[in-house]
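Shared between the two complexes below is chain A, which pairs with chain B and chain C, respectively.
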Partner chain A sequence: MVWPLLRRLFRTVLAVWALASSVFLLSRHDANTATLLFLPDSSESVATGNGNAADYAAAQRAVQHRLGLDLPLFYASQQPNAPANTAQWRWNGTQNQYHRWMVRLLHGDLGTSFRTAQPVTTRMCSALGFTLPLTGTAALLAVLTALALARRLAAKPWWQHPVRAALVAVHALPLFVLALLLLLTFANPAVVAWFPAYGLDQLAADSDNWSRTQTYLLHLVLPVAALTLAALPELTLQLDAALTQELRTDYATTARAKGLAEGAVIRHHALRNALLPTLTQVAELLPAMVAGAVVVEVVFALPGMGRLLADAAAGRDYPVLVGGVLLTGAARLLALLLADLLYFWADPRIRWQS
Partner chain B sequence: MKPHSSAFFLLCAAIGFCSQSCSAPEGKDLAIRVRCAYDPESLNPLQLPNQQAFDAANLLHVSLLQADFSKKEIAPALAEALPTAELVGDSLTRVSYRIRPAATWDTGGPVLATDVAFTLKLMFCPGVPNETSRLQFGFIQGLIPDPHDPRRFTLECRGQGTEYQQATGDFFILPEAALDPQGELRRFSLAALQRRPQNAPDSGLAAVARRYRALAPGKLPGCGPYQLTAWEKDRYLAFRRKANWWGSRLRPTPFVLQARSQKLAFVIIPDAATASLALQRGDLDIFPQMPAREFARLRKATAARPALSFYSVPSYDVVTAGFNTRRPALADALTRRALSHCFNAAGLLQATQMGEGQQTVGIISPLDRQNYNDSLAPVPFDLAKAEALVRQAGWQRRAGTETGWVRTRPGSKQPEVLQVSMRYRADETTFATIALQFKAAAASLGIAVSLLPTEAGSFTTALRTSDFDMYVRTLKGNPFMFNLAPLLHSRAIGQSNTTGYSGAASDRLLDAIAVAENPTRRAQLLRKFQTLMQAEMPWVPLFFLPTRIAASHELTGLHVTGLKPGFALTAVERSAKSTPTP
Partner chain C sequence: MALLAPYLPLPYPPHESDLAHVAEAPYSMGSTGLHWLGTDPQGRDVLSVLVFGARTAVLLTLPAAFLAALLGSLAGGAAGFWGNTRRLAVPYWLLALGGLWWGLRFPVPLVGAGVAALGVAAIVLALLRPRPIPTWPVPINAIVMGAATTLDSIPRLILVVAIAAGSGVSAPGLLALLTLTAWPHSARLVRAQMLRIRTLPFIEAAHAAGLSSCKIWLHHALPHAIQPLRTALPLSIAGLLGLESTLSFLGIGLPPDVASWGRLMSAIRNEPDAWWTLALPATCLIASILSLNALGRSRHKSL
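Entry: the complex of A and B
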């Protein structure tokens, strides 16, 4: 058990490294855009200056130097204008961007944001502080509600069909529509303004702890509801279908023949077997929890990981972007490992070798 | 208690809890809250990345000159009066300033010419994030202090131009005593720092750069009216007026030095629908650049109208379609003029801006009566004229079943096909509407247009690398500067002249505009230039966008104008009396 687990862990670390390295190297191919976005776009405004290309090129070089983009990208690089009789490849030694990044990474330093000059780890920790309570609560609520709802649905109550139809309808709604619907219904003075419209507080710094907690919780209600409603249908419908299938099997019939009530058959016999596909879905929630929910964060003006990464991509803030990919990639691979372990728990017939 | 009744009780309690906690924060926080779509990212005054950053830095720092929104002119801020300019020979301009004697830093020390010299040197100090300032103020090559008056100084500028008087006063002044107490930068002249390579080692300069970079974001000492009290990234920035600010001691207080509100806050709300809702709830006080449809809807809404004021004035931002004149099919003016008749500017103004904004003949605003060429007419939407011009340019309809236009240039065997791709930023619905209208109009003439909605960063790169046939974008103007050389001069091709247009006549005119001896002469040249551009048509200026601001009825002193950010933030205050909607 231990050795296979260690082997899997080692493979996971290797995969995360390969993923992060690929993203790092690919991102540096767009370094020119990052440099361009740093400087004022003199082609879009009437301003001082004579449009001298040499001045602009000097400023671009200064930006590249400051950001460390003037170093060779990798240990070896191809010489574009090398004469035919000389070597086409040049060895750059350890003075290259990739080596610097790797050394820093091994020391737990993800670098500095191009845009804000803040350490990437500080920015990500701050964003995670907002994202995890939001996505974590939503994931927990969605899983618990899906479990409860699917068990009730599997017992074929009279409301089975309308609830299934409603779940399918909610599943068909894009997340931004769902979030805006909630916002325009429950935070709108023209309808009902039960909940705040945006953010996490109202800038009232001089309030006591209880008021702050109350305000914080209130601000979380609509975003958490949007995320829960978005995740709930898929989990419930999948589990419901799996339970329905399990309840048609021979062992379920035997259990009923022994005189067990339908609820007991579901709880003690069918549920564990029906959980297998749901475990994969639940494991999928882990990377989503870390990566944030960009749509919900934008609609409710929350400063989480989703917005951080989306803004980093738009502003070509590659250190933040690579850090985010590293984190979500690691979370995804760990989620796969976790799913495997949960499978093993749910069905002991499954073995590592299989 | 039955389960149903306990659930009902819980629901009622929750609703009560919510309605109690979610009421607008009336009286709880007196800050005037302004909506921002994005975080400012950095408040480094030498490298401000966006308009939000500039607006925030404007509260913390003061420049020599600033725009007076009440009179729509440049006014002295840190400077005692508008500067005097002197032309030296044929390649130098000297601009003289004196700093207000009342101007002090927070420590009580006076703001002196040495601080201005320090700021200029900091713009060229290696290791300091200063590339934007370096590019913008590289024309200032020296500061000559007055030996008898520590507040008086002269800036020596390369080149000659009437705009130097304004351009030399447009940077925030930073304190030498706080950032360079050892006077390390005094060892160097400004010219020496400008020439110095970035990687040349110097421990003194490195120490200054280190000290500058080590300052917490927004904590750089300034002589502006406000101090930053909180900056929660992607959430808000809060400012408080300094208790003893030097500007408030001036009588009468100049408009540019007014700081009326005790507290200000920039609230970052990316989504416009959420921001609109916050404004209606009273959680927000000012919503600048409100989308056209939401603005029109709220203006008519009976519930929202009593609590809000609505302002709409023409801005200096002009929506423009540009041609890549390097492409053989678009190299001749006749073809470009033909295509310009496919834009229905009046219809587009109605469709995208609900009729607000102004059609134009060029990139000079029609508000600028002196410089705008009102003898020209905006290019009309006229497909018959477009077809006639296409034929005149030598294009012929394809024979047989194929549609479209072809022409064969003299000396070329390969026929050219008239088909264009149009690039625009994918996140702007106005541009998408323009592109679709143009495509439909061109299609009716048999001209194929492919649309390329492009992500903002890639759009910038595509324009820089000439990867387009046509583009649609906004050009940002202002009423104080008319230096069009970076946009259309041949020496800016490959850099900021994205159309690649060049011509001896236009180059001569652009050079003459830059060095015009007085505003009257400049106006003559600008009018001539607008006529030339309408004939050559390297771009099609379609319309000037409006500045739309919705604000709480409680606010006074907004002084809404076409200049960014659209209103005078420091002059706004909350009043018990409401102002009438104009």
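Entry: the complex of A and C
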């Protein structure tokens, strides 16, 4: 039990490290753009001719030095215009951006944002405060609803066909279309304005503690609904298929022959076996929710992790982006652990072997 | 229709703004003609954007899906057929390593050239005097599956967003990026099928007939192993369609002057009353994804 799990965790850590490194190295290729974005007024002054080009170059160098972009990128670098027949590779030693990034990462420091000059960790922590309740609630709701729905679907009630068709249709919708539809139906004064569309950022203006909680919950209803609806169809259909297969097996027939009701057969006999293939999918839910949060938080203008990532991508704020990749990797690690724990709980064969 | 888009008699080009008629409802008169399906908040004709958006979507997702299927079937097929057992004679290793050293201009390139020359000499010697030469294994399976697992460990959307921001995006760049993130799925499918086919009697018969293993792989095993892709390809195209429109909705994918459905739909956040900018492209997108899914399912049944 422990060794395979450890090996898999180690492999995932390696994979996340490789991905984060490649994103880091790829992004630093146009670090110049980042510095240009950092100095928009200076570039304007150069363009209009008021400023001194030398001043501007000095300011750009200062910014590069502050952001650590003046160091070479990697341990070895290729010299672009070296004469032929000489070594084109130069060894930079440990004074390079990648090494500094790694060392800081091991100390838990993700660097500073290019745009706001705040530490990335601070920004991500405050964003996570919004995102974790959102994704956590959505994941929990999706799993519980899928369990309840699949259990009832497996009993083959009269409404199974329309529900299946609806699930397949919702599954085909991209998440942002789903979120937009919800937004335009339930937060639109022209249709029904039950929920507020924007404005969670200005929450602090409310003085009363109770009314603040109320506003917060009202703001969260639609995003949670969108995420839940996006995750629900796959889970339900998978669990439903597994249940249908289990109900055709011999032990289910035996249970029925004992005189058990169909509901009892499903609940006590088939469900736990059908859960096993679905558990992997439940574990996939955690990283998928991070990706879903990117879309949902942009649509509903929530100040969370996903919006932070989308803004960082639009504004080329690379330290934040790399931090986002690392965080998603951490979510994947957690998901792996969770999946193994769930297997441990659901499958007695695994429990007894170890 | 997507291919014919530049030749269709549309009253307005897709990226030209009709600023006098901003966010008009369908069937309104524009300055030079009728806006059949209205205009978006930037005054672009929705019909033209729809047609050219279909063109963007098709020209981006179809090649990406096919390239990913090709790459996946080659990599997955090789990984499934040979596993980690394929061995390559040491002289070839020397040749490859030396060539790489020399090609990348590592310090003292002559070392690389020397190693490569040693390899060539060993190959010539082996050709002149046949005798067993030592071999080193090539872990094809480990390499392919390791790469696939690495790419899969982060959701596709996050990975594409992170890299698309970093490397600057053009249409070919986005195509390469979509291919890169889409191939692991088909590689897994083909590998699983290949593991089953490798043990079938006709492969053994081909081995017994003395065919070289490369030939068996390409001509006999691979055509059978790629059968699951017939089902997976429409689904993969549908997934890529959704991903592409999500990206352009977020404003990260293609440059703003390229017409795309996702960008058209994002206009509704500024202009909540303009239902036609959401409803029409959403209908197109959902219809294409649903029909692709149905195609995949019908093929699955016919298998």
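Everything that follows uses one rule, which is that the second predicted complex is superposed on the first by the 284 of 354 C-alpha atoms of A that agree within 3 Å, B and C clash if a C-alpha of one lies under 4 Å from a C-alpha of the other, contacts with A are read in each partner's own complex, and residues count from 1 in each chain.
The working rule: contacts are C-beta pairs under 8 Å (C-beta built on N, C-alpha and C of every residue); 3 or more make two chains touch, one makes a residue touch a chain.
From a predicted model like this one, the values you see are computed outputs, not experimental measurements.
When both complexes are overlaid on chain A, the residue A:231 reaches neither chain B nor chain C. Of the two partner chains, chain B is the only one that A:65 touches; chain C does not reach it. Looking at the shared chain after the overlay, A:149 reaches neither chain B nor chain C.
Counting the residues of chain A that each partner touches, chain B and chain C differ, and the larger count belongs to B.
Once the two complexes are laid over each other on the shared chain, residue contacts for A:296 go to neither chain B nor chain C.
Of the two partner chains, chain C is the only one that A:177 touches; chain B does not reach it.
Of the two partner chains, both chain B and chain C are touched by A:316. In the superposed model, A:335 lies in contact with neither chain B nor chain C.
Looking at the shared chain after the overlay, A:139 reaches neither chain B nor chain C. In the superposition on chain A, contact of A:11 is made with chain C only, not with chain B.
Of the residues of chain A, those at positions 33, 180, 184, 188, 190, 298-299, 314, 316 touch chain B in one of the two structures and chain C in the other.
Chain contact summary for the complex, chain B toward chain A: residues 15, 17-19, 21-22, 25, 28-29, 31, 33, 38-39, 41-42, 47, 49, 127, 129, 131-132, 134-139, 159, 163, 167, 170, 198-199, 213, 217, 230, 232-236, 238, 265, 267-271, 273-275, 277-278, 280-281, 283, 303, 363, 455-458, 460-461, 463-464, 473-478, 481-487, 489, 491-492, 494-498, 514.
For chain A in complex with chain B, the residues that touch the partner chain are 32-33, 36-53, 55-56, 59, 61-63, 65-66, 115-118, 123, 126, 180, 183-184, 187-190, 193-200, 202-205, 214-215, 218, 221, 298-301, 303, 307-308, 311, 314-316. Chain A makes touch with chain C in their complex at residues 11-12, 14-16, 18-19, 23, 26-27, 29-30, 33, 78, 87-89, 168-169, 172-177, 180-181, 184, 188, 190, 287-288, 290-291, 294-295, 298-299, 309-310, 312-314, 316, 318, 321-322, 324-325, 328-329, 332.
Touching chain A in their complex are the following residues of chain C: 104-108, 149-151, 153-159, 161-168, 238, 242, 245-246, 249-252, 262, 265, 268-269, 272-273, 275, 278, 282, 285-286, 289-290, 293.
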